[in-house]
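These are the structures, in structure tokens.
Across the two complexes that follow, chain A remains constant while its partner is chain B and subsequently chain C.
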Partner chain A sequence: MDFDVVAHGIVAGSLYALVAVSFNILYRPTNVFNFAQGELVMLGAMIFASATSLAGMPWFAAFVATLVAVGLIGLVEERIAVAPILARSQTGTGWVITTLAVSLIISNLVGRFWGPDPILVKPPEPLSMEALDLGPSRISSYEIMLVIVTIVLVAIVESAYRTLKGKAVMAVAEDREAALLRGIDPGSLRRWSFFLGAAFAAMTGVLAAPILYASTSLGPDLLLKGFAAAAVGSIGNNRGALIAGYLIGVTEALGASLLSPGYQEAVIFIVVLTVLLLRPQGLFGSSTARTV
Partner chain B sequence: MKAPGGPPLLSVRNLDAGYGHVRVLQNVSLSVDAGRIVALVGRNGAGKSTLLRTLSGLNRAASGEITFDGQNIAGLRPHAIVAAGLLHVAEGRRLFRRQSVADNIELGRYGLRLGAEQHRQRMDRIHELFPVLQEKKDLPAGGLSGGQQQMLAIAQAMMREPKLLMLDEPSLGLAPVLVDQVLSAILTLRAQRVAILLVEQMVERALEIADEACVMQNGRMIASGPANEIATGDALRAAFMGDHGAPGHLQS
Partner chain C sequence: MPLRAALPLVFQAAAIAIALLLPAFVGANSYALFVATQLGIYVIAAIGLNLLAGYAGQVSLGHAAFVAIGAYSVALLTVDHHWSFWAAAALGMVLAAGLGMLAVLPAFRLNTWYFAFITLAFALVFEKMIVEWRWLTKGFAGVVGVPPPSAFGFEFGPRPLYFTVVLVTVIAFILVRNVVHSRFGCAFVAVRDVEPAALAVGASPQLAKLTAFVISAALAGIAGAFFAVQKTVVTPDDFTADFSIFFLLTVVLGGLGTLWGPIIGALVFFLIPELLAGLQSWRMLIYGGLLLGLMLFAPHGLFGALRQGWRRFAPQAATPVLAAERAEHPPIAGLPLQVSGLRKRFGGVLALDAVDFHAPAGSCCAIVGPNGSGKTTLLNLASGYYVPDAGSVKIGRVEMLGSSAPRIATRGVGRTFQTPRLVADLSALDNVMLGAYTRERANLLSIALRLPSARAEAHRLREEALGFLHFVGVADRAETEAGEIPHGQQRLVEIARAMMGGARLILLDEPAAGLSMSELERLERLIARICELGATIVIVEHHLDLVANIASHVTVLDRGTVLAAGKPAEVFKDERVMRAYMGERALKTGAPA
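Our next item is the complex of A and B:
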């Protein structure tokens, strides 16, 4: 087995894990699966690329501006596409269509505004995309940092759930009505979750841009594989998402190298379907159904 | 706390409410004074739980007035009603079963800023009333017995030092010794000037500890008054044995 292939699989898997975590941030308190999440990742990459490569903003300022801008778009999405549906019925599933609509709107607007050409984004100094000479692997310093940053981010998100606000999110996820009776306002948690979930998606886009380039095609690809990582790792479980991200990234890389690049997506779906067939709740979920 | 003869803590006037187009409550009026226990009794389906759900904002009132502590709370959202000091412990001990006992108690004060000293005092008061919750603080709430879960649900509400605590069937499914414990906890809370609105299927036990009582039948309030008068009055008998009632409903 080629070590270099596995290493690049883990790098790609880290990105899938980040997309899955951004799904989870949103899903936990709302039970809403935001199908625009992939386009929010893409939007993050595009805004950041324009701010740095085209407008010449410093890396950190552009980073913060991108997260806030996309976070606000997430908030707008919640107001116009999700809140009205859940106001009618808490268990309504119309958001499947409305979040998909938001996804298409963002995709078309971005395509019109930026055009189809990918934008090259340089990693922040002193990191670079140049392959380091590390014996069997030809991985870059930026890619190594991305893998580390991903693990740190998952740890940070997980520790956020140990705060009182995080526990309230879990309380709403378990029994919304009981949470209401304890003075928890699920509407406010839902707005925060959309803001933070969208900002997290944008950050994923910023982190992915030096590797994948910023382009409008980023969205659908990451949506699909991020969704796969979330489902295999059990939806709502961030550590599960991390491991499932690696699993999918490495499988994809091995499939491309051992079989043919044309098969890489087929290989992913074989893995996802096999896992979900054997364990419908994902690899890291408990088998008990949610009580409604 | 109110001066004798002052306005009641909770005052409900001509309340209509229900689910969708189904009208459950019709012209319900009720008042609860500070530091008093009011038992709300009636057969299954009389509308007791619906009344509590409407008071805590889970259901919308179709018409009528709800005044709590001088504030009109009809139409407020549940978290705002909780913030006003009206707490509702729902039927079936709705806890966060996957979180620890300690975390459940902490969630009781969500959104409330408490100083360290204040926080400790409230915890002490809870642990004094329910020592078992301190012993089991690290267990998931779902692993507690029914009685302990009921205590935990009351403890969550106590974190806010409510002015009025509404308890829906606190004795449901509990062993007799635990029923005694829960009822004595209710008396302790009254001694701390917490008003209690108690919905209870063990009617005689509820009327024993209550100051006042109200009887509901088919979504209407058919009687209210001092608990000892209600206990011997005709309304109670009518509510439980009228139409198709069975004497077995009156438990001793």
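Our next item is the complex of A and C:
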């Protein structure tokens, strides 16, 4: 097994894990799985690329501006495409179609605005994409930092669930009506989770940009791989998503190097199907009872 | 015949007449005929997608892949291996359904959106594989020169091909209509809207979704087969993600879950690109905007809007129900229920701990207790909605512990729910008929073909269901949509549904909650009558007067354990029971029981 292939699999897997975590942030209190999430990641990368490369904003200012901008777009999505559907029926799945529609709209508007050419984004100083000479692996300082930042981010998100607000999120996920009776407003929680979930997606885009370039083709790809990591790692479980992200990233890299790059998606697809067939709730979840 | 009933027939006849007369007015090689043939092909696939997404609630985002499987099967087999079109098309249908099934099977146990994701991924992977497997599919160049179908030495030109497509479209429409109006269609809607109701009548949600999927994928496969011969060239570019979105939009535009939706949607859709030819590059943006707008403002699409307008124009006359008069119901051989040592834990809460409960055959037993004492949990365990941690549940003489809800229902266990679980979009009569889901013998094929035996059986069951609606006293609501029936009567429809399923053990979960005094009396008489017929009844209830009047045996639960059990009069005098119900102080001051 080539060590370099595994290392790049871990780097890619970290990105997939971040997308999966952004799914989870949004899913837990709302039970909505946002089909526009991939496009929000893409939008984050594009806005950040324009802000730094074209407008010349400093790294940190551009970072904050991107997160807020995409977070607000997530909020708009919730108001327009999700809230009216859930108002009609809490259990319906019309939001599958409406969030997909939002993804089509974002992807086309962005394509129209920025054009199809990928934009190169430089990592923040002193990190660089230059391959370090570390014996068997040719990995860059930015990629090493990305792997570490991902682990830290997952830890931060997990500890956020232990705060009072985080517990409110879990309460709504568990039993919406009971949470309502305890003075938790599910509507406001849902708006916040769309804002935060979208901002987290944008951050993923910013982090991914130096490696994958900012381009409109990021969206669908990260949507599916993020879903794969979330489903394999059990929906709602962020540590599970991290490990599943690595698993998917490494499998994909190995599949590409052993078979052919054209088989990347097929290999991931088969892994996801196999896991779901054997353990429908994912690798790191327990089955929950339905209530009548 | 009244106008209301005649209208659909008029429309059907007109649609077929226009379709058949079209070739007489346009040239055989004209663009109009080409477009009309293509329209027919898209309608076939859209009818299938509508059955899946509209009725069974499984939104496929990768329908283009199933069309592609049919198209590539025909193109490769006829060009490279000189198969006949018909054999290749048949194989294409089988492959579309089979390959699709392999991919989506894991999704059926999970939330609906898993299905959407997996079909989306399947289409993407399939598109890549077409390019990757150059040795099989010829890669980007595609398969060229697909020969037209032929039969008996006669080669199909554009006109015969058009007629064939029209014929297949009509057949697909009729088959799907027959399925939608049968127990299968009702089960699809139940699975989509109220899964507990599907489980209660013994319909397996996985099997229902699978059935809808197989029909849908097979229709996409046959559409693909015609797609190949019509275009004569098949390339990977024909089956992109955009194509899948196009099918979805067609169905949403026409009306999800309406029979005419796919046809109206495809017709309108075909006019739009012609009108917007100059806006080609805005296409996906327009698709997205339309999808969003339709889902928000017209969830039943154009057909739904038309139907609403028509109803306002010609309000529904109250159709008198030609009811079979109240026939005496044959006796029911009650099933005993024996629960022992039952234990169930939810996280840190021990909901039930070593509970024993016995309901002899033909008895009426009540379970009472304060809120949160585990009454409903006991019912859910006995009917298979929860899996217990330990203990035994015997129904009749058979151990049913760990069996699925549909299997327990099939054993002759009917139940009602705390909040009535009826399929709101179906009439009360259809809801009751759904109760006979596992009793109905006619299979999918004979229902789709409307064979005389299937029709006779459906007619018989309909009469029987009406009889049960009479029995519970809501026959006047037979044709009303269940969602519009008052709460108290929904309960009665649920009881009728349970009886329709041939239930010999009926579990009632707080049937009296929210009933008025007169409704309560009716309910009491009804339960007494069902008991007289011989069925075993287990009732969870807070209304102690009702319990005292009808139950021969009462079990009191408190915090997951049995506090007392025995005859109602004795149990209600028990000091511990009074304490659990009314608290220490009330007991001391001697509040009336």
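Methods note: the second predicted complex is superposed on the first by the 288 of 292 C-alpha atoms of A that agree within 3 Å, B and C clash if a C-alpha of one lies under 4 Å from a C-alpha of the other, contacts with A are read in each partner's own complex, and residues count from 1 in each chain.
Here, a residue touches a chain if its C-beta (ideal position, glycine included) is under 8 Å from a C-beta of that chain, and two chains touch if they have at least 3 such contacts.
In this text, all values refer to a predicted model and were calculated from it rather than measured experimentally.
For the composite obtained by superposing both complexes on chain A, the positions of chain B and chain C are in clash. After overlaying the two complexes on the shared chain, residue contacts for A:Ile80 are found with chain C alone; chain B is out of touch. In the superposition on chain A, A:Ala231 makes contact with chain C only, not with chain B.
Of the two partner chains placed by the overlay, only chain B lies in contact with A:Arg182; chain C stays clear of it. In the overlay built on the shared chain, the residue A:Ser260 is in contact with chain C alone; chain B does not reach it. In the superposed model, A:Phe35 makes contact with chain C only, not with chain B. Contacts of A:Leu109 after superposition on the shared chain: chain C is touched, whereas chain B is not. Ranking chain B and chain C by residues of chain A touched puts C first.
Shared-chain residue A:Thr93: touches chain C; no touch with chain B. Here chain B runs into chain C after the superposition, and of 77-85, 113-121, 203-211 or 221-229 the stretch doing so is 203-211. Residue overlap on chain A between its contacts with chain B in one complex and with chain C in the other: absent. For chain B in complex with chain A, the touching residues are 56-58, 77-79, 82-83, 87-90, 94-99, 103, 106-108, 110-112, 156, 160. Chain A contributes residues 33, 35, 80-81, 84-85, 88, 91, 93-94, 96-98, 100-105, 107-109, 112, 220, 224, 227-228, 231, 260, 262-263, 265-266, 269, 272-273, 276-277, 280, 289-290, 292 to its touches with chain C in the complex. Listing the residues of chain A that touch chain B in their complex gives 164, 167-168, 170-171, 174-175, 177-185.
Interface of chain C with chain A (complex): residues 57, 59, 61, 102-103, 105-107, 109-114, 116-118, 120-122, 124-125, 128-129, 131-132, 193, 195-196, 241, 245, 248, 252, 282, 284-285, 287-292, 295-296, 299, 346, 376, 380, 385-387, 417-418, 421.
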